[in-house]
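Below is one structure, written out as structure tokens; the observations come after it.
Chains: A, B and C, in written order; residue numbering restarts at 1 for each.
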């Protein structure tokens, strides 16, 4: 009985939260003709023409390059954020230093609309030759990701009993060794979570992609908006939907793939408890 | 003895601090200069320092306070709703999910879609003639409300934000919930605690740090919301859905009032710094 | 840190494997308006040009996206970008970008191709800053079938007169859309709205674009203009609080409040308006000329394509008016290859180029003798040129440095009034104060 209720709640939650995605998926299989007469969730004449147009029209807009740019920039932006945040998080969690100033300041970066840095950054990038490069975009995404990475990692390391470190230290390990050999494996789920959230955030970032790239390093979010105006300046819902689905696919696949890893280690951790 | 001594701590901070100084230090200095200057797009390289006029004009701007109030309300309402629904789902669905972890996948999906795209998707979903929601409402009830007019826009935007980001809170809570050691639960059961009592007196307090963090993160994200609101309603009729981020963006790009935009951001930064320090201080007090 | 090592390896692999799709060694880079017919046409023109240009003069095209286009362009130009030699300008943004651009000399032939009034849409402070490529104005789209049925039915005519009397306090009879005044249009819109007339065959009489968005203000502007409204008088005083603007703002609000336009009109722009009209549930729509291709295409708009008529916007006491603005291409001050860029721009202003552009799907406004040469292929261009020369206008001050900001300001204040958040007096007072400030600079 209660279990039945659980299934119902689950189904409602999944449907409600994914509704826009479901609608977009359905729309991406409708022709322009059908769209103007049928707004329902049923497709009378499913068609692949929207996907075909998006994937084949590479002379106009090369979606493959956008995807590659997004992937490269998001990987840099996430990997580097973790590399920078992990040692800092360890120091904060274990020494109280930085808790008063560094942590609040970095966390606050999340609260600031980073767009205010756009103009100075633009000038700096121009000077450094980072404009319109994957690396340049990746470095900005690192800044976007650092605050959340730091919060999650500080929290995770604080949850690890300090006795563990102390025991290792008594055995003669340096703090660097403790960090890499003891802490890292224990907080692996948190690292994975950080990576997933970071990658998704980076992939989905729009404004810096817009401001800092022009042609070579255009990411998917920006590139996909090229398709929105396929004719006459309006939104072609069918084409736009197909692009949105394709653009959402990589982070979605990654999330779902990595998810098994999280849940696996999570369960293991829970059992070991 | 601290596990990490002072010198080592400094070493561990160095990469992060160095990186941030490099990439944000210069822009921050430029911005601080701009915030006390008369500057527009033509004089970017030669701003004239004129004092605190920008700050005064921001503080005296009715629209600034209106956007602060919008962001504040939006942040609190969405964070609360996301945490409550997320907590309920995490605990209520836990038995289901423990057995079939694959069920997590559909619940996590919304997190992976770009908010700017979600805004666009809802432009389709809610359109009276092209969107399924009004289509079925007309079909079944013969009428459909105006989702994005002045009276409903705030509610609609809240629902859009909550539906996309509840999974975030849910995920954190679920992880915290299953991480509660088994023996704690067993001990509670042995003491004859009902499951509700165990939840209220044992499990929730154990999850409290996660709850606080999730609420805080969601509040900040709600407070600085930009992408989906901008895509869906822009700044809204008469500026009624102008979040603080949109206010700054507009001042910056649309009005070319760079000094004003930057001054508003500095104020925002200082305000959130104060709030965070107070929070930290409170946490410190409790620990003692 | 296995995961991190893996991801870093992936980064390295990706970086090395993706060959940078760098621009080929073309000598002139042009930043165009992406996505629409403007892009298709520019591609056709550039292909023709590259076919005969010297290796070092070849043109390479570059497109950003439309979302935030002008914000991005502003950042690029203010920072002194040299990523492109030639960039897009529009009438309403020319004042904003002129400081980062260089005026060009097009020669006497350009006036023969485009006509002086069209060249003016690309001028600032008396200097030519761009070659006009496309012209945008608004058409009144209407449902021929519905209007015909109304005109043929006496009972319907009586109902129409009754509605006009009740809502507009005027004695009005149904008329041919080409003879409409704004009041006739309003009465028609009310007649065809379910909320006003439950016998109406469609849900709404019109679709108003009322989102807080600068482009929507351009659509709106023609109504006050035909009542004699302007931004400034000859002495330079801001006249936005004129009777013309009052009447017009009130008319929009009246129609919206009466339910003659979809309830979510306050979030409608180009795309929403097209979707609403093409669903066959609206009798009229004042919409951009760019929508004509979609709305009259039986594949894309099967419900309305065959029964859609197009006329110029209705008349007011001062006749008809149609808000025009031009898109064009001009020279970046920081261009790397000015010589090549000027060569291309001069070619673009020639008759040969304009015709190629028109055949490629663009919407250039051409002098009558020139447009005659493509009239059979592009009949809509004839209408475009006709409306532009007969009714086209640019508000006084609408090419000033702050024109974009003025449209933004109006969008905010006017939508504030339409949505009932502030009174008409307040809206106009705020707009006036803001405009005085913006026009002074």
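Worth a mention:
The criterion applied here is as follows: a residue touches a chain if its C-beta (ideal position, glycine included) is under 8 Å from a C-beta of that chain, and two chains touch if they have at least 3 such contacts.
In this text, all values refer to a predicted model and were calculated from it rather than measured experimentally.
A centroid comparison over C-alpha atoms places C as the chain most distant from subunit B. For chain pairs A-C and A-B, the one joined by more C-beta pairs in contact is A-B. Separating the centre of subunit A from that of subunit C, both taken as means of CA atoms, is a distance of 36 Å. Rounded to whole angstrom, the centroid-to-centroid distance between subunit A and subunit B, based on C-alpha atoms, equals 15 Å.
For subunit C, residues that reach two or more other chains under the stated contact definition are 68, 75, 78-79, 271, 275, 279. Multi-chain contact residues of subunit B (touching two or more other chains) are listed as 44, 123, 127, 129-130.
Shared interface positions of subunit A, i.e. residues touching 2 or more other chains, are given as 36, 39, 83, 119, 123, 228, 235, 237.
Residues 68, 71, 74-75, 77-79, 96, 99, 210-213, 262-264, 266-267, 271-272, 275-276, 279, 281, 402, 404-405, 408, 412-413, 415-422 of subunit C touch subunit B in their complex. Those residues of subunit B lying in contact with subunit C across their complex are 41-42, 44, 123, 126-130, 145-150, 153, 232-240, 250, 253-256.
Looking at the complex, you find that subunit A touches subunit B at residues 3, 6-7, 9-10, 13-14, 16-21, 23-24, 26-27, 35-36, 39-41, 83-85, 87-88, 90-91, 94-100, 102-113, 115-117, 119-121, 123-124, 139-140, 142-143, 146, 148, 150-151, 155, 162, 165-166, 169, 175-176, 178-179, 189, 193, 197, 200, 203-207, 221, 224, 228, 235, 237, 240-241, 244, 247-248, 251-252, 254-256, 259-260, 262-263, 266-267, 269-271, 273.
Of all residues in subunit A, only 32-33, 36-37, 39, 60, 62, 65, 68-69, 71-72, 75-76, 78-79, 82-83, 118-119, 122-123, 126, 131-132, 134-135, 180, 184, 188, 191-192, 195, 210-211, 214-216, 222-223, 225-235, 237 touch subunit C in the complex they form.
Every residue of subunit C that touches subunit A in the complex is listed here, in rising order: 1, 3-4, 7-8, 10-11, 14-15, 18, 20-23, 34-37, 39, 62-68, 72, 75-76, 78-81, 83-84, 270-271, 274-275, 278-280, 288, 290-291, 293-294, 299-303.
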